[in-house]
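Lettered A, B and C in written order, each chain numbered from 1.
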Amino acid sequence: MKTPIITLLTDFGTKDHYVASMKGVILRINSRCALIDISHGVSPQDIREGAFLLTGACSYFPKGTIHIAVVDPGVGSPRKPILIETKNYFFIGPDNGLLTLAARKDGIRQTVVLTNKKYFLSEVSATFHGRDIFAPVAGHLSLGVTPASFGKRTEHWVELDRGKPKIKGDTLIGEVIHIDGFGNLISNIEKEGFSKFIKDRPFLIRAGKKTIQDLKRGYYEGKKNDPIALFGSGGFLEISVREGNAQKVLKVKRGDPITAII
Amino acid sequence: MKTPIITLLTDFGTKDHYVASMKGVILRINSRCALIDISHGVSPQDIREGAFLLTGACSYFPKGTIHIAVVDPGVGSPRKPILIETKNYFFIGPDNGLLTLAARKDGIRQTVVLTNKKYFLSEVSATFHGRDIFAPVAGHLSLGVTPASFGKRTEHWVELDRGKPKIKGDTLIGEVIHIDGFGNLISNIEKEGFSKFIKDRPFLIRAGKKTIQDLKRGYYEGKKNDPIALFGSGGFLEISVREGNAQKVLKVKRGDPITAII
Amino acid sequence: MKTPIITLLTDFGTKDHYVASMKGVILRINSRCALIDISHGVSPQDIREGAFLLTGACSYFPKGTIHIAVVDPGVGSPRKPILIETKNYFFIGPDNGLLTLAARKDGIRQTVVLTNKKYFLSEVSATFHGRDIFAPVAGHLSLGVTPASFGKRTEHWVELDRGKPKIKGDTLIGEVIHIDGFGNLISNIEKEGFSKFIKDRPFLIRAGKKTIQDLKRGYYEGKKNDPIALFGSGGFLEISVREGNAQKVLKVKRGDPITAII
């Protein structure tokens, strides 16, 4: 029998017992689950960052994987708890946009509002739906309970503004959507959009006060302390410093522009 | 066959190879175990914090779960290694109070001093009983070895001072026992004791220099930068700032008072 | 059937989705694997630190465990991806010395350069071989694919300078090779070499500006704020401060000397 896989992404950090409580709840329902952490280091309440990390990791998991994500500033408020079934996966979490980038990328089949209390913990707090709603629903789903059992199908959910790059004359204007642990500046400029814009023309890339004249294939092609541009492992245009930290060298922060100019 | 579950809580951090060494030892004895981290971010040697996190998480796990906890400033000294069997769980760790809050909450059945070297690593260091004693004992326990096999039953063990709130005239005096990753100030005032003290009378809650006039149900009911009081997911009175950090706003630290005044 | 065990050690940190992507790739190939983190907190590009942590943990795992390690400043360059089969384990990672300390300790049987693209992800990036090469190779290896299937055997690989202690007259000169999360200063002086050098003669140990006159057995034998010397759980001479932080007390950093003088 295949091992059911459940991933977890939260902004809870790993010092507290919150993530472990969720895992305990899942295992109490189905002790056969493999539980895999995507990240618990999402900046507190940063839905956009959570969505980026979830989207980056989820598609590498086997078909049938259940992805729980909890970055949930509205916990306890009327924001809805949802389950999205996609072509290959299930996504469970708050209806605040956190799940939709990843779910759309895989192809949404149906979205269900979680209302059937039979599958929640017997007491649901107003502060921790990760433990009281999302974890037990994931546990029951991993046992074969159908999505429709958890509540009513809906056609309405919160979308996250994708923040796509814009074209303004000769310039493709993207922005830094994530800075990874190496200090790499990851933009929202995807390879396809970049190629379509640049065609075969010469170009410059600008990040902070730095102008870069070409694209590299890998980090090793850079010189020390000299920022390079390349398409990273997630398919996004990325500014990097070999064996260094582009964020520190360029003093750029999330939301700052990265542009390509022809 | 049910998957045996073993949780780990330590103050080892996750940069070093210490936790992984413990997991390797367990898996060498029983490769079928599911290993779940509760926290490895307990502040170094902070038994009280470890006990709080263990108590908060342990009861969500399935019956039969083995909880290993290692916050062990006295490792190598005459402090005893123990196994506590409770109504639903097993707790393994040093006899320094770390295990007793959680074990008492579940209901202690028996406590055994770990002396049977047959179940230890062949060489026991004076610096790392997590790897050399607690991990292998947990591994063997997960295979069905009975608690009595590991050593002699004892009726004496170190208790942790629970630090219960005190009543002084019109004031219920609690203290901050944990500050979580969101900066929420978690007190030792439990819902039941609070209700019993307040009855139906109006009250004020004080934390740092802030006075709060009512209880909220969830974080979302707060205004930005304005501390609120609520009973959190662990059942304790908690001071929180919506999408902010109560610790930073109130400049309160662990051990500082949180009081309710009628 | 025994659960296949795969460990992961990287310098990726745990905030990003990189480690989870690797785990997803492995589970897509073999969902029965148990995935154990050794560390993802290796300092960026610090091959030596990664090698130390891998060597410290790997031998506690069951025979047959597959250890993936990725600290890979040369990713995408001509540095080779390799698989080393040792007496008890398999090591998979870049050919930059990261694997060799651990592999040599266990006893190298054969080394294979990973060239068979059949076992890689269909698209191999120039920036993330952990996900595109090492993870899928580990997954297939866990299913029973033989080492020889992944590529051609080689007798040449990069060794890491072991940085062994030196003897200069009356002095055994070691250095700090790791500082753990407690601030313990771990040297490259092993028990055997120390004993052979000291014999039965009296000795002094020097670290920073501190001179220590004897060896302790365990941390608990120290006095607060007073550095002690002992052989730690990894078998190396270590400077420690009881319930304190030797690094902060002695202001010593990695690479600084620790010496024994007769």
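Note that a contact is a pair of C-beta atoms (placed from the backbone, for glycine too) under 8 Å apart; a residue touches a chain by one contact, two chains touch by 3 or more.
All of these numbers come straight from a predicted model, not from anything done at the bench.
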Superposing the Cα trace of chain B on that of its twin chain C calls for a rotation in degrees, to the nearest 5, of 120
Interface of copies chain A and chain B: same or different residues on the two sides (over or under half shared)? different
Whole-angstrom distance, CA centroid of chain A to CA centroid of chain B, is 31
Note: chain A residues in touch with at least two other chains are 14, 34
As the complex stands, chain B meets chain C at residues 12-18, 20-25, 27-28, 31-32, 34-35, 44-45, 73-77, 125-128, 131-132
Interface with chain A, chain B side, in the complex: residues 2-3, 5, 7, 14, 34, 36-42, 53-54, 56-62, 65, 180-182, 217-221, 230, 232-233, 242-243, 245
